[in-house]
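What follows is a set of structures to go through.
One chain, chain A, appears in both complexes that follow, with chain B as partner in the first and chain C in the second.
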Partner chain A sequence: MPKVIVNDIEVDADPKDNCILAARKAGVEIPHYCWHEALSVVASCRMCLVEVGEKKPDGTVVMGPKLVPGCQTPIKDGTVIKTDTQKVKTSQALTLELLLLNHPLDCSICDQAGECYLQDYTYKFGKAQSRLDEPKIQREDKYHIGEQIALFTDRCVMCTRCVRFTREVSGTAELQVVARGSHEEIDVFPETPCNNKLAGNVVDLCPVGALCSKDFLYKKRVWWLKSADSVCTGCSTGCSIHIDQNEDKVYRLRPRTNPLAQGHFMCDEGRFGFKYISDERRLTKPRVSESIALSKKSNGSKAGGLGDLNFSDPWSDVLEVTRTKIKEAIKTDARGFVGVLSPFMTIEEAYLLASYLKQLDSRVRLVLGPVPMVGTDDMYPKGPKGEAPEAGKVKFTIRAEKCPNRLGVEAVLRHFEGQVISVAQVAAKADATSWYFVGGYQHGWVDESIDRGVGKPSLLIVQDLFPSPLSDRADIVLPSGSFAERDGTYVNHSGLAQTANAAVRSPADTRSDGRILMELTERKGLYNAMAIRKEIGGVIRSLAALGVGDLGENGVKLNASNREPVFS
Partner chain B sequence: MTTKSKREKTVKWGEEPKIGWMEAMYLPAVMSGVATAVRHALSGKPMTRQYPEVEPEIPANYRGVHRLNRDEEGRVKCVACYMCQTACPANCIEIIAAPAPKDDPHWENRDKYPATFTIDELRCIYCGMCEEACPVDAIELTSIYDLTGMTREEMIFDKEKLLSVFDKTIQSGQDPVRTNRGALGPASEEAETAKQGPPPPGRGRKG
Partner chain C sequence: MSDSEFKPVLLGRVGRPNSQSLESYKADGGYKALAKALSMANTDVIETVKASGLRGRGGAGFPTGLKWTFLPKDINGPVYLCINGDESEPGTFNNRVLIEEDPHQVLEGIVISSYATRTTTAYFYLRYEYGRCYRVLKAAIDEMYANNLLGKNILGSNYSLDIHLHRGACAYICGEETGLIESLEGKRAWPRIKPPFPAIEGAFRRPTVVNNVETMACIPHIIERGPEWFMTMGIPKDPNNPRDAGSYGPKLYCISGHVNKPGLVELPMGITARELIDKHAGGVWKGRKAKAVVPGGISMGFMSEKELDTPLDFAGPGRVGCLGLGTAAVIVIDDHTSMVDVLYNACRFFAHESCGQCTPCREGTAWSTKILERIREGRGKLSDIDLLLEISSSIGTIPGSTICGLADGAAWPMKTAINKFRPEFEEYIKSGRKSESRQLAGAH
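Let's turn to the complex of A and B:
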């Protein structure tokens, strides 16, 4: 480990680090615009200029005569970095003044205000005045630059992060720099807008407000957004994300850097695909069929009864009825009772339901819901003709498996059932008499074969987000939660277990799956994902890694020795 | 320990003034009050304000009902930066921003504008923080002090109503536009900021 001295603080750095990373390890921030961990180095913004020298073995320090860009300068044992000298400070202030020469300073209408590196660095390293006497160059906004992105040309500082992203990560190379000198601009070729499936990332990459998301444009000032760390449920890559919300409305998703999962980016499908969670068609109320409600009423078991669902908490009655009905059905025909766990459930939720049903009667069958597959894995960077990259050069993959937790639910099923049976197999046999369906899918998932295979069972319970042919004729419908409302753990394609935290409260009379199942399965207390995770770690061998409870920001790879049961 | 010494440094502790037996009787104070009343009664000048008939003179910095200013072209001057909503301690301002209608030549040089702008005049505490925070001087408090209404709903002012307050107060001349900052605040005005900046040390521009 090379020892680096940053402003008199000695730290152990990685031999591959540049000065910015080494300084970060010492807790010193070197401001930078063009440099990004996931992109190549161009050292063009000149913001990271620092003094670099060397500590000789005899203890003397020799500093270099000129300032050097921290992003481009590698370190070695004995490198001395100074970021607090007058020389460096003057350089930073002058660089910022230069970058701001033609900047319109329209912070009051800029979406980036509040998370803008121009603002932050000017505050920390810049100065309050500009010496420009000439009028500022004004340029046209370019709304044509992409379907999802708009370019406010005059805010740009020409860091070219976006250009390098389209060349190096998406491989589609739509964005480029046109003209030279102070006429430089980011642009696209006519008729070829930046519409690749990773295009939304350039908005995050842009350190200033030049590239903005059209979807989020002027919707909310960022200082009102509260974010929760979660996991994208769009595909089995399981990108780590931030869910940004205000007053229980989700405004945007942002990728959260996670070297174990996806790196720095996420795809547009996931980024903009969250809007179904506030769809009007969502199931909003628990419902029981009339026949059950009537029989319940005639028994006169509870004051108010189910006829008055509007006037009391609908859930307590419904869950009680559901529990009784499940027990009745299992008593009548345990083998005919099928619990369908969807790959959108978290491990905790799958475990709650599976352990409950199996404990009622071990002959109950547990099966895996349909696993949505769309096309094939989409790998980036693309070649010049749009071809997939060679193995080993893949920087981002949008997977064909459009669910977040197949492996996790399979691990739970394998523990309780011994094998993974798909719902299609059971539906084809048509020997089930009662079903408990858990959905939570983003798109319609009840295909004809399931619909026909289920037929008209004696008991049909559906816990789902959206109405489906099954929920229409279900005896009991439990409106459940979307990914933004769930606490729990997902296992992605590579066996990485990551925790997701709820960002918003459940809308209307819906409840997140964890809360429904906690009460349904007669457990005491409130749903606490971490407590259940610890329990799972002790019970299910292949998920023993979850026993630690707190999986940290990046998640935990399920052990190599346990790979087999998870993967096979 | 450090906190205590800091506190001792920054806080001045007052002491109750000592009073003698004269003051302790309170009689001199009572008598001086009575004397004031008698003096007023004998002066012949009425001290009562004849309020609805005679309206009081309101000082120029009075903080009354809000208005939304218009720019030179009659558009709402607000650029929907949400600064007033952020600064408002009573949470009575609610803005919904939208991209300005670029197809309309009237709005050509504007990027963002408030699609809706509502102020709950009942919830407002008239502190003037919104006015203070506004970078374009679009929101101002007028000298209208006698705000009344029959329902709560009509006291929630929307954008049109706030603009009409502007029209009314400008027409009557009671509240002239106080300041006139640039389109996007002083920082966006090149000429202004260039004047504010100090000359470069040692190498002043020639000519």
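Let's turn to the complex of A and C:
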């Protein structure tokens, strides 16, 4: 490891690091705009200028005569980086003054305010006064730049991150620089707006308030947003994300950098696809059918009529009834009882239900719910004619498998059932008498074959987000939680187990699946994903890696730890 | 060799009837140097050019032979030679005359240089505005193909070469070598970050040499008459300065501005500015005195009247605070002209031509133009002078704040004008008067 000295702090750096990364390891921030880890180096904003020198073996330090861009300058053993000299500070202050020359300073109405690098760097490295005594250049806002993005042209610092993103990552190359000198602007060709499936990332990449998301525009000041680390459940890529919420309303999703998962970005489908969680059609109340309610009433329950649903806590009675009904059904026909685990469930939730049902009777069948597939894997960067990149050059993939945790749920099923049977197979046989369905899908998932295969069983329990033909005729409906309300672990396409944290509380009388199952399965205490994860690590061999409990920000690769081909 | 004995070398054939044709070039002994070069080993050609002390005529003055040796030794695949004919430094017009009047001299140099660098494809990057040059060059290249001077097995040797003539699209920045390469590749001419230098990774990600047109014109003469002959002209190396490479050979001086006889003269390197103006340009016009002289294109800055005895070789202008010899385009400014107006004109040019990639250059050049505009409207402040100096001292590759040298070129006129004519600026601002010269149209 090369040793680098940053402002007299000695650190071990990676040989591939540039000065910015090496300084970061020493806890020193080198301000930068144009440089981004996932994009090519252009060294054009000149914000990261630092003094670089070399410490000779005899201990003397020889500094270079010029300022050099930290992003472009590689390090080696003995490199000395100085960011606190007068020369560097003067240069940083002047560069900021120059960047702000034609900037409208409209922070009060700018969406980026609060997470803007012009604000932050000016506060840290700039000066309070501008010496400009001439009118600023005014430019037109460009709302036409994309369906999801708007360009506030005069806030742009011309770092060209967005341009490089569309050329290097999405490969679609819609954005470009037009005109020259201080008149240059980001623009698109006429009638070819930036609407590729990764376009939303340019908003995150923009270090200032130039590119804004139309979806989030003027919705919320960013300093009111609280953020939870989670995982996107849109496809099996399992992008690490931040869920930004305020007062239990999710305002936006942002990608969270994770080299083990997707890298730095996420697709628009995932980014803007979270709206369903606040859809008004969501199931909001637990419900039991009239026949069950009546029978319960005749049993002399303390509560009033269940059909009328007049409870102080609707859940405790409903769950009690559910538990009783499950036990009855299993006693009658254990082989005919089928538990359907959805690939939207976390491992913990799947484990809670599977272990409970199997413990009641090992003949109970556990099956995998439908795995939604849409088209084929969509790989980027695209070639000039929209063709997929060659193998090995793929920078981002939107997967056809539109669920987050098929592999995780399959691992649970393999442990408890010995094999993975799909719900379609059981539905085709039509030999089940009782069903416990767990849904959680974004879109309608009950197709005709399932609908017909389920028919009119003696017991039908549906735990789901949205009404479906099954929930309409179910004996018991348990309104469950969306991804933003879940704590737990997902295993993505490559066997990476990542933890998701609940960002918001479940709306109305809904509950997250973990909380429902914790109480249903007669476990003591509150639902705690980490405790269950540790338990799973001890029970399921292929998931032994979960035994650590805390999987860290980036998650843990399962395949690497147990070297068994448990995942097909 | 004194000036009176000097016979033009590069301009030797200018004015002959039909000087552009292959026939007349051959009649004057053309393409003998090529035949000689093809009979030599390519490394010997490089050594000959190296020994001549020829330095690039494009502005930076980098030794040409040395540049060629930077190409990787074991190259698989193509090497490219790019000829920089994007002559757009204000005041410069020597490439234009060379191409329009004697294209085969330049082209012969290109073929020899391509042979030396083992190039099989050369690109001639010509600025768009040079329409006549384009037609002349095109005709000359066609003639060469027809006469086995280009294409397969040139003059019966094993060596083959193609030259592509590429027209730019009117941008100063395309004269910067990596900007030129980007433009040649069909991209926006944003200079590249170095390293890698073009000799390692240039056009189309291949090793590339970029040379100026006038440099190419020197090559056939060096091959034909030998490096010793070339070194009889010019200023020898400074023995006290090991980094000085000397200034050898003939040089084309473009004289323009307030002189009686503007034009192009060829002289051995090292004539003083005063001698050049008085002897070869008929003196300053209207019987006036020179106030300032630009030694080599506006980006090199200004020399004051007192400094006119500076020799115009590669080292001379640097000794009086200018950036260098540049393109040896001498612009004379008489004592009736306001330096505020002159500087405004220069700044306006650079603000217009800044490619806009690096923040300091993009914003600094535009800001300084705005400040000078305000001063010319009679609304200047004395603090503006120091602000202009601060901007000029912090933009460019010399402080390290930009990728290419355009910003240095923008900074030097500001720096030298203010340092050498500061009282005039102060007086102008204090008087609060408006500029008498016409307001130039906005740059965009």
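Criterion: the second predicted complex is superposed on the first by the 556 of 568 C-alpha atoms of A that agree within 3 Å, B and C clash if a C-alpha of one lies under 4 Å from a C-alpha of the other, contacts with A are read in each partner's own complex, and residues count from 1 in each chain.
Here is the rule we use: contacts are C-beta pairs under 8 Å (C-beta built on N, C-alpha and C of every residue); 3 or more make two chains touch, one makes a residue touch a chain.
None of the values given here were measured: they were computed from a predicted structure.
Student: Taking the superposition on A as described, I'd like to know which of chain B and chain C A:217 touches: first, second, both or neither.
Tutor: first
Student: In the superposed arrangement, does A:548 touch chain B (first), chain C (second), both or neither?
Tutor: Neither: A:548 stays clear of chain B and chain C.
Student: Once chain A of both complexes is superposed, is A:132 in touch with chain B (first), chain C (second), both, or neither?
Tutor: So A:132 meets both chain B and chain C here.
Student: Answer with first, second, both or neither: which of chain B and chain C does A:66 touch in the superposed model?
Tutor: In the superposition, A:66 touches chain C alone.
Student: In the superposed arrangement, which partner chain does A:141 touch: chain B (first), chain C (second), both, or neither?
Tutor: first
Student: Go through the superposed model and pick first if A:109 touches only chain B, second if only chain C, both, or neither.
Tutor: Touch status of A:109: first partner only.
Student: Quick check for you: in the superposed arrangement, does A:9 touch first (chain B), second (chain C), both or neither?
Tutor: A:9 sits against neither chain B nor chain C.
Student: For the three-chain arrangement built by superposition, which of chain B and chain C touches the greater number of chain A residues?
Tutor: Result: the larger residue contact count on chain A belongs to C.
Student: Show me the chain A residues, by the header's touch rule, that chain B contacts in one structure and chain C contacts in the other.
Tutor: 131-134
Student: Going by the contact rule set out above, which residues of chain C touch chain A in the complex?
Tutor: Contacts found on chain C: 171, 188, 190, 193, 351-360, 362-367, 370-371, 373-374, 381, 387, 390, 394, 397-403, 443-444.
Student: Residue numbers of chain B touching chain A in their complex, please.
Tutor: Residues in contact with chain A: 79-83, 86, 97-99, 111-112, 135-136, 184-185, 187-188, 190-191, 193-194, 196-200, 205.
Student: Residues of chain A touching chain B in their complex?
Tutor: Contacts found on chain A: 104-109, 113, 129-136, 141, 217-219, 221, 223-224.
Student: Where on chain A is chain C touching in the complex?
Tutor: Listed in rising order, the residues are 41-47, 49, 66-69, 72, 90-91, 94-95, 98-99, 101-102, 131-134, 157-158, 176-177, 179-184.
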